[in-house]
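Both complexes shown next keep chain A, but they swap its partner, so chain B is in the first and chain C is in the second.
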Partner chain A sequence: MATLETATRVPDSETRPVNPRSGVARRERRNWRQYVGFTPAAIVFGIFFIAPLCLIVVYSFWQTKDYNLVPEFTTKNYETITTTDTYIKTLGKTILMALLATATTLAIAFPFCYWLVRYVPPRLQRVLFLLVILPFWTSYLLRVYAWVAILGDHGAINVLLKNLGLTDEPVRLFLYDTPGVFIVLVYLYFPFAALTLYSSLDRFDWSLLRAGVDLGASPMRSLVTILLPQMKLAMVTAGIFVFIPILGEYVAPEIVGGTNGVLMGNLIANFFKGYLLPLGSAASVLIALVILVLLVLFRKGLDTKDIYGS
Partner chain B sequence: MAHDMEVVNPRAGLFRVILTAYGLLIYLFLFAPIAVMILLSFNKSKVVGFPMTGFTLDWYSSLTQNMIIQDALGKSLAVGISVTVLATVIGTAAAFPLVRAHIKYRSAVRVFITLPIMIPGLLIGVAILVLSTNILHLQPSLPIAVIGQTVLATPFVILVVSSRLESLDRNFERAAADLGAGPVQRFSFVVLPLVYPGIVAAALMAFTLSLDEFVVTNFIIGSDQTLPIYIYSQLKFGITPEVNALASLMLLGTIALVVVTALGLRLIKMLTAKSRQEEKTGVPA
Partner chain C sequence: MASLHSTKFDRRTLLLGSLALGASSFVMTGCASGASDTGAAGGTVNWLTWSDHFSNDQLKKVAASSKITGGPKLFSDNADALLQIKQTGSQFDIVSGDALWVKKYRQEGLIDPFQMDEIAVSKELYSAARDFSFLKDPQGYLGYPFSWSSVQIYFNPKLVKTPPTSWESLTDPAYKGLIVAENIPTDLLAIGGIATGSKEPYALKGDGLSKASDFLKALKPNIIKLASQNNEIISMLASGEAAIGISNLGTDLRVKSAGGPQIEAAYPTEGTIGFIDAEMITSKGAHQKLVRPFLNAMETSEYIVENFKTNGRPLFNEKAANILLNDPKTAQDAKRLFMGNPEKALAMTLKGPAENQQSYTEAFNQIFGA
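Here is the complex of A and B:
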């Protein structure tokens, strides 16, 4: 840690911006003690995060012979996944589902955050915003399972419809199929999107809208031409925070999805549970590749400093 | 400032009503599952579902007799505390160089640190499973689960503590140095008192994350059961409202923990402000 240096005075270079070409800067760069604080994190991340992921990449090119892992190079695992009908369909479905759920979540969250920032008095606003995060403190599994009690045959919606005399038979549209998974995914990841959009809207200078209106734009037009472009980055960040976890989601499909709602996450989980390591590894690498491409494309939206700082 | 739209737009009143209704609808969406979960914990019927057949507190009282749940609670707390300590120490140690050391590609390092948050837990879970069984020859167990959760929690700690550290005015340290304070003194009497609310918040985040972690833990915990693992095993065989009662109590416990921590931080802030006031005036306020 920089503050634990032996010098009594805080060196100037540590407190003031220094000319990068000066002697001080060169000496500073060579001082390894300032990086000591990274050591424990580097060890833990190195052994239990980087190494395991590399191992997955390696295994995805190995073969199994008589149920044993053999270190012989092959691309067969990838071929199996990309040529087997169920696998490739599931991969496509997962990406489509992630896209749809992300778009829906953003579309729902934006007007909500707009309302929170502009129409709710500041004191109440903080409380209401805390309420958005509150679901995080409830059992994730039971929040998913509660949807069975809402959407199921004897669920809240069907009981309500029956009591209103609208249906005699329970409506089986949602549960144990793809729509149910979709609803639960939007529900699960809404707070992530709201968190990002809220912090960005909260910092927006609303007098700009006023200026737009004063200059003759309609309120709607000033919203679209002034506010929306400034929200682009926040939208991207929020989108990434929703899209990526869905790619690996296996719990929600398992609980509410039935056989039709299976996503890539379930396939991967089953491969590993069935000791099909190379196949599971190859599927994992494919998912990781999609994520990597996204992260590189949208790296600007990744400055998470603002979100967790607040 | 917040309402200047209304001045210019005659329809803004209507707009406001619609948006408010919409906002409330969102809260219904967010809290319906939680309300259902709590409601069904009071249901007489053994089946978790509607319609409710009667009100009972039996499921809460039967919790006290369920040894499996109590064992799982104990393991959850043990794992939670271990993860909190590990992640807070490792994360805080890393936050300092992240903010203060000379790093050429600071934002790249920051993105790298957030990777365990960005990558789906599933991939982290299976990767750690494969590493521990195939390379380290360690069967999935409680300690492996602690390590896996630490990997997940540490990035949050780094982000929270480093953002607190960034807002710290380094003139305080310069002043302390000018007054003769050594590095250890500067750290313990200047930096730590200013940064600790961030560290406490980060520790709390790590603890609550650990308490509910399932996605990664599921793969690496082996035969031991923390509460989420127990709940999952029950989901497979059809749960009883007892699990709902358990989750309702956990929600209550978490809220209490967060409120107590927030109040505690505020109290300490008030007390230190008061004692400073006393030092200045020489009179107890």
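Here is the complex of A and C:
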């Protein structure tokens, strides 16, 4: 009966007035105070992320008439984007480009980080890793323009080919075309993937691999069955870091893409430049929805239960 | 000495420290942005313009003599500039615009009229330039005339075997991947309109717009890049990355001075579009008092002469034109580039807003999308 009594008893804190000096009051104050630290982030995110996002969603249902935004509800902007062949193709091309560039970035970053963590002495590791993140210290634009210098008619590759006697005239390799955009995107986002994977691999308990081999697994099987499942979280996180920004890329295709390397971001920029804010907003919202769907799909990959099996 | 590890930060200290750091950087940012306007007689004039309307050296000299610093921000497309002025309110004091766009700014209530005599240096302008009807309304002048140019074809004779003669000829597959043009959707479709026989290239509709779009579709494989600023066209022609450029008067001079090859001009047989650009005073600009003295300092013949030497297209300052036409070193180029013939500016189809901007932008995006 004691159990029943305990279960039906109303907690003391709800019946008695709370003494401001009591432990309960202090705990409640502490509970409230713990959110104070969140306030600056909430303000920044609210003003610079949530509010503009809401504005874009609202604009996407409005219209433009003679260079003026008219707040009349319409779904025509979404119809235009989703029924026009060119826009569908460009959106598809953008998603495909983001997927391929993400896969390639991960495929390059993972072996690199594995080699770095496993085989390079710690002191040299830091130097090599510094080289990876060094591009972050320079301007994004400069990094993209550097590729014009590398791939251009008078760029490093053409100079090399000419000096080797392989060509007389400059060869237009990739620049001002889709492959050029792909190369530059992989280059730009490689450090994002490398940073994420390196920190995860650095904490990996390598004795587990040895244990696997001791128990009769081949080195490759140990990698596939022990290392890769534990890297799933890092891989998904790195994938998200690379994939999402690429979907909205505008500058790299503008500089190295030419007329063939256009992505959805460039069309959106044209919409905005032409004062078609609603149409540009609708296209932006659709890209955000694609990201949202993919994040939901990736969510399972982010669940740590999958990794540790509990 | 206390090491970093032995120093203890509790949550309260950390939070207060972060708040103090955040607040101080906020205050410092505010001070920095406000500092530009606290000079005794001067300040900063924010200017939405094209890269060929000023030089950094000129801005430095003007800042030294007038205490007014010009803060230029670049744009390429008139529609883009109109949008920025609409959305930014008081942030810009001066905006540059082409010909018929000036009236559009006025209709939208984005600019204020002014009296030309308030800018003393305007006495140096050609009288013809002071009479452009689209730069005036009953309340006064809407824009201070600066420069003009037709848009034509420039080509590198060493890289192009058959010189282009018309817009239509540019669709020849022999020019595949050789052309560079500025990324201005309205103007490119207007060129398409002229190429396909339209008399009103900024009012294309239905069949006319379809024909112009078809022209651009045929032209697309030949365009290597749509440049975001005119100086990108110059650098691509200078480096040989592009063999043909759709560009303003004086492109040949600019390519040469950029260390590039000799290029030639071809005036399209179908006719062309062109601009007469002007500086407008925004109605909500935060530093309006500084605009007139700033323009007065910037538009003197001394700087206009230098501007011509750098950018090589005609300007409306008569005093500068006379200096250039009387100097044996510059006379030939000044004459060839119509520095003494401002009346020719009215012979072109002037740039202006499209009657149906949505159709123009959509048509353009459908051509240049994937």
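We adopt the following convention: the second predicted complex is superposed on the first by the 254 of 310 C-alpha atoms of A that agree within 3 Å, B and C clash if a C-alpha of one lies under 4 Å from a C-alpha of the other, contacts with A are read in each partner's own complex, and residues count from 1 in each chain.
What we mean here is this: a contact is a pair of C-beta atoms (placed from the backbone, for glycine too) under 8 Å apart; a residue touches a chain by one contact, two chains touch by 3 or more.
The shown structure was predicted, so the numbers you read here are calculated from the model rather than taken from an experiment.
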item	value
Partner chain(s) touched by A:T83 [first = chain B, second = chain C, both, neither]	neither
Touched partner set for A:R118, first chain B, second chain C, both or neither	first
Which superposed partner A:I291 touches (first chain B, second chain C, both, neither)	first
First, second, both or neither for A:R299, with chain B first and chain C second	first
Dominant toucher of chain A (residue count), chain B or chain C	B
Which superposed partner A:L267 touches (first chain B, second chain C, both, neither)	second
Partner chain in contact with A:G37 - chain B first, chain C second, else both or neither	both
Touched partner set for A:W147, first chain B, second chain C, both or neither	first
Chain B and chain C contact sites that coincide on chain A, given as residue numbers	36-37, 40, 152, 154, 272, 277
Touching residues on chain C, where the partner in the complex is chain A	11, 15, 18-19, 22, 77, 79-80, 82-83, 86, 104, 108, 177, 183, 185-186, 220-221, 223-226, 228, 239-241, 353, 357-358, 360-362, 364-370
Of chain A, residues touching chain C in the complex	36-37, 40, 64, 66-68, 80, 84, 86-87, 89-90, 92-93, 152-154, 170, 172, 176, 254, 258-259, 262, 267, 270-277, 279
Chain A residues within the chain B interface of the complex	1-10, 14-15, 25, 28-29, 34-41, 44-45, 48-49, 51-53, 55-56, 59, 69, 108, 111-112, 114-121, 128, 131-132, 134-143, 145-150, 152, 154-156, 159, 187, 190-191, 206-207, 209-210, 213, 219, 240, 244-245, 247-251, 255, 265, 268-269, 272, 277, 280-281, 284, 287-288, 291, 295, 299, 302-305, 308-309
Residue numbers on chain B that touch chain A, as the complex places them	1-5, 8-9, 12, 16, 19-20, 22-23, 26-27, 29-34, 36-37, 40, 47-51, 86, 89-91, 93-98, 100-102, 107, 110-111, 113-124, 126-131, 134-135, 147-148, 150-151, 154, 156, 158-160, 163-164, 166-167, 170-171, 173-174, 177-178, 180, 182-184, 186-187, 191, 208, 212, 214-215, 219, 227-228, 231-232, 235, 239, 243-244, 247, 250-251, 254-255, 258
